[in-house]
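Labels run A, B, C and D following the written order; every chain starts at residue 1.
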Amino acid sequence: MAQMMKAAIFVEPNRIVLDDKPIPDVGPLDALVRITTTTICGTDVHILKGEYPVARGLTIGHEPVGVIEKLGSSVAGYREGQRVIAGAITPSGHSAACLCGCASQDGAGTRHGFKPLGGWRFGNTIDGAQAEYLLVPDAMVNLTPIPDGLDDEQVLMCPDIMSTGFSGAERGQVRLGDTVAVFAQGPIGLCATAGARLMGATTIISVDSVPARMDISRRMGADHVVDFSRVDPVEEILRLTDGRGVDVAIEALGRQATFEAALRVLRPGGTLSSLGVYSADLKIPLDAFLAGLGDYTIVTTLCPGGKERMRRLMEVIAAGRLDTRPLVTHRFRLDQIEEAYALFANQRDGVLKVAITP
Amino acid sequence: MAQMMKAAIFVEPNRIVLDDKPIPDVGPLDALVRITTTTICGTDVHILKGEYPVARGLTIGHEPVGVIEKLGSSVAGYREGQRVIAGAITPSGHSAACLCGCASQDGAGTRHGFKPLGGWRFGNTIDGAQAEYLLVPDAMVNLTPIPDGLDDEQVLMCPDIMSTGFSGAERGQVRLGDTVAVFAQGPIGLCATAGARLMGATTIISVDSVPARMDISRRMGADHVVDFSRVDPVEEILRLTDGRGVDVAIEALGRQATFEAALRVLRPGGTLSSLGVYSADLKIPLDAFLAGLGDYTIVTTLCPGGKERMRRLMEVIAAGRLDTRPLVTHRFRLDQIEEAYALFANQRDGVLKVAITP
Amino acid sequence: MAQMMKAAIFVEPNRIVLDDKPIPDVGPLDALVRITTTTICGTDVHILKGEYPVARGLTIGHEPVGVIEKLGSSVAGYREGQRVIAGAITPSGHSAACLCGCASQDGAGTRHGFKPLGGWRFGNTIDGAQAEYLLVPDAMVNLTPIPDGLDDEQVLMCPDIMSTGFSGAERGQVRLGDTVAVFAQGPIGLCATAGARLMGATTIISVDSVPARMDISRRMGADHVVDFSRVDPVEEILRLTDGRGVDVAIEALGRQATFEAALRVLRPGGTLSSLGVYSADLKIPLDAFLAGLGDYTIVTTLCPGGKERMRRLMEVIAAGRLDTRPLVTHRFRLDQIEEAYALFANQRDGVLKVAITP
Amino acid sequence: MAQMMKAAIFVEPNRIVLDDKPIPDVGPLDALVRITTTTICGTDVHILKGEYPVARGLTIGHEPVGVIEKLGSSVAGYREGQRVIAGAITPSGHSAACLCGCASQDGAGTRHGFKPLGGWRFGNTIDGAQAEYLLVPDAMVNLTPIPDGLDDEQVLMCPDIMSTGFSGAERGQVRLGDTVAVFAQGPIGLCATAGARLMGATTIISVDSVPARMDISRRMGADHVVDFSRVDPVEEILRLTDGRGVDVAIEALGRQATFEAALRVLRPGGTLSSLGVYSADLKIPLDAFLAGLGDYTIVTTLCPGGKERMRRLMEVIAAGRLDTRPLVTHRFRLDQIEEAYALFANQRDGVLKVAITP
């Protein structure tokens, strides 16, 4: 008979509960990871609220830090007991999407190898990380050992927050000497700010209104922090750039207002790098779009995954280039996860990210 | 006293007339070009209708083919009597925009060197090409000799139509073996089709409904031509690609319907390359946008200009890789230009492009 | 007891013989392919001559066309009886090299995931394709179904020759309107010529001295073919380009003379794309290198592999953009392979490529 | 009669002397700059020694910081009295090379618009900066105002040292999380180290043997500094990277030993970014080159110039991202320049760079 474990399960809209589930069997390409730390993502709150549909009974969560408990029969290059992380996105390594450098849209098993958001499996199409154990598919593509000397909380942002945030700067092709605006300084926006800084932007302007987030924004690398509750952020960014506008604008919220503001602060020929998860149609105003003649680039990105991505992100931490621990504001045991959801979903008590430890 | 010339002048909305104007003086960096052939662009029709505002009295037109009549005192490397073209966009060569590889947004003379659409001067901010003579600014950046053996009509599409159309494929980063859709097969869309073909796309699907355009589309390189008046183009493109979608979708009309269809036929991770001049706000439907998580890239482009660009385009013609003469469906003398506008603005008689010869 | 098959085996330098070998067992991620057509590569001749060391007893060959005989237990998305090809390079899909877009240097199983030439397994580190059956590792990364309507010889160049040749143009970043030189018009050089043509080069100058190759070169897309036995190719290319030089020079032989000539015909800022397998140290002459100040780019490439690459190449064939059948000059049965090696290794009878059918 | 000024003039090999010269006339596109600070470059020492030939009587020097004294009649956008710098490379803005993004090989006035090293004019083909006054050609392409608050020494490295050094990292396409080696820590190598750091490299290994340079290297961003006089740098870098090798190796000396070592520490698929000025043929060892099959990229770069480049570099300084003042180890008046050459040419007294003030 299967051994049982605790897992945070989606029951129905507005109900994620901790329940018993069998510890999963390990297929030839899988690894079973004992979770030591995980966290809750904004996406999980969308799931909780029923805004993003998942199967009832699914274990939620896509940000695992843990220890290899058991390796599949075909998995080489790892050992049980190794401390590892896996990305929120777990590409197969063999779909056309993967082989095109677009692994987050992994369509393994589909006719043509592309599937919208297909690389996002944990807590979406397969059981996720808010549990005592997690089955990691295609383990050889997805598991990365944690460098010696880094503790769980130091790498907890790598699977999603830091990977997504950094990708905002990377896909925006931030260059040495660029001026960059980052709209919204939640965890992902904060990491976008840090990414822009690490890639050499020399004027970084972030936008938020929560004082604690504005403070951390400066620590993450912002040169100017604009409080949109006090000033119009478009006007203020144009003022701060002496009317020039920015080379790259990063959207990290998923709203019309921020998307549109990001477009309006771009210099002609600039790039809008969008990270937000939108929940409504977007409008592109004709004037802000220069009627289609502005040589603009708009890119969207779903969190890059895979073990090499995770290795690089942990290198950034290990090398002391960035410390994401200030983003972890609250800590809970797995058996307190319903309480953690209540806090996080309502953005109480200045929460940025919570650490959950089984 | 200044010598006079004939020029097509914007008088007021719905009135472009041929009138007398002084032949312009030649500044140190300018060249005076005697126009031998020019044409009318869709943008000129917007000007005619008063939809795009220009100064009253301005000479219209931005597609010059001619002969150097006189060179400015600081212009070296050319000789009078040389047959030349200049691009529709005439960058200064010295703005920040130019030095950033974004010359169409040339902001010469502005504080930061970027100006929306600033590179478009002919028939917009300075007198244009529908005249007996044209003053070309920054001549050393903008004049390209016509290769021996090419006649005027062979290169008439280079200044705008072919440069813009090709840029749709180039900015879309079409790669060997790509599947590409091109929405609308007017002159620019036809050149986008040709550009995709020349860059190695192996499945090119164009969309239009005018039989003559659909015929030329096949000659320009389309593998499939979809008649949107008979079938839903999104469904048909998905059918033709067996449900996969396209790697690159090129929009060449400037309408919500084509923009949206271009987005809907993209595979996840694909690129929408927009060439159209829009006249209203655009909507990005949430589902087509995969809520911002589709790893999409959307690029817009204003016709690339400059002498090196023109040299490359004429090389394409000279090498026999493309013949754009089928796009020239009608011919007029400059003194018939009002008649030419009437035909072209109303898209009568299957017109694609007209050749105007002073 | 294992069933036996015929295979071309490396016995010792200068001896590749056809011998009996067990049909291999199929592991969970493998596929067994019954070879219907294969060929001999120049690299195989290096192996034959003992210049490139492989294990005694190894089956040679890395260019398989065949039919799926049996699928491993974990392989999904294929069916037995399907006609397929695999690339000469068979990446694992899960090494760091693969996840970095550098799959030919696949270091699956190594500490850091990079291994020089590690993606080249067939006929190098594992049994190859000159046999009745071939075991394809990581089948889901490497098998591509052959499009309906294409026969074996139409796709026989895809696994190596066309993939390598095209990569010369791709890695050289050939652009619309480029001038390109291709040094040596063996099978790979011919495909480099075709690749440059398909990507939009408008002046393509190839170099060889064998009349039959020079003829095919024109059919593959060369605008000018220089006979280096009659004229100095550097001088001739500079003459043909009116002293300008080329944007991209592709080296397809692997010799000092061609490498150096490729460098000498580059315009400043140009790209040398090297495909040749060298057998001695190279010299970069100081003057040709502009003392290191010429803004040159030199790239080398090992044949790109993987199923998506193969799909794209076969699309090029299926779309009628290129026909590589003229490269197949001779045909042999597998039991004549020793005779085929004798012909091919000595470049007798104008041989370009041979088709071998078990 | 022309007013006279002091200038450092090349008389013959081993003789650069301070002499009187007329203050140059200002053509329509020029600006006359009164030099307030300049410096001596390693290239100037090559000129001094007669290793790099220039015309007798030429004023040497290509690193100007100064004040606009007079503007040409066609120059707009500046005002006399403005503090400015110009790059060592002064592109015309209108050559084919400039319009191709390869401005350092500017061939203004040549048939095809490319000329080896053609963008390098100061102290090479026209009078240079080691003088009281400097005539800047194509002033609108080349002059950048110095941001308020920055003194001369803060921006003195921008025209050449920082532009060249940073380009080593930029052309090497250093990415977040890369491992980078930089060979030689003279002023340019130090700026390459800083550039790699600013672009997000997480393991930076520099190589030198002079203790003072090794110290500054750490301050500029090196994580490890290898003393090649004590250990074999290739072995040590492989040891420090646990056998993996580096993603990008930057050569900043111009010698066979460093070029070869840079190649030997690359991981397969890595990039060698070469900045050095070589004085002899280079050898590429067959094994280090993986016989041409390593998917390597080798790039060389001549100092990028132009006003936008200078603006970005000064932004890096103004934003506090880098302080290059530690590179200025000695200060001289212009009338002491012969003494400065004696010190700098013989690398006495730990000199890195000298500041020369007229």
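Operating definition for what follows: contacts are C-beta pairs under 8 Å (C-beta built on N, C-alpha and C of every residue); 3 or more make two chains touch, one makes a residue touch a chain.
What you are looking at is a predicted structure, and each value in this text was computed from that prediction instead of being measured.
K.L.:
Between A-C and A-B, flag the pair that has more C-beta pairs in contact.
P.N.:
If we tally the C-beta pairs in contact for A-C and A-B, the bigger total goes to A-B.
K.L.:
Find the geometric centre of each of subunit A and subunit B from their Cα atoms only, then give the gap between the two centres in Å, rounded to an integer.
P.N.:
Each chain reduced to its C-alpha mean, subunit A and subunit B end up 41 Å apart.
K.L.:
When you check subunit D against every other chain, which residues touch at least two of them?
P.N.:
100, 311
K.L.:
Could you draw the chains as nodes, link the ones that touch, and say if you get a line, ring, star, complete or other?
P.N.:
The chain contacts form a complete graph, every chain touching every other.
K.L.:
For a test of understanding, state which residues of subunit A touch subunit D in their complex under the given definition.
P.N.:
Where subunit A meets subunit D, its residues are 166, 170, 175-177, 195, 198-200, 202-203, 223, 311-313, 315-316, 318-319, 321.
K.L.:
Any idea which subunit C residues touch subunit A in the complex?
P.N.:
Counting only subunit C, the residues touching subunit A are 27-29, 73-74, 76-77, 92-94, 96, 98-101, 108-109, 113, 138, 140-141, 306-309, 311.
K.L.:
So in the complex, the part of subunit D that touches subunit C is made up of which residues?
P.N.:
Listed in rising order, the residues of subunit D that touch subunit C are 97, 100, 102, 104-105, 107, 111-112, 114-118, 242-245, 254, 267-269, 274-286, 289-302.
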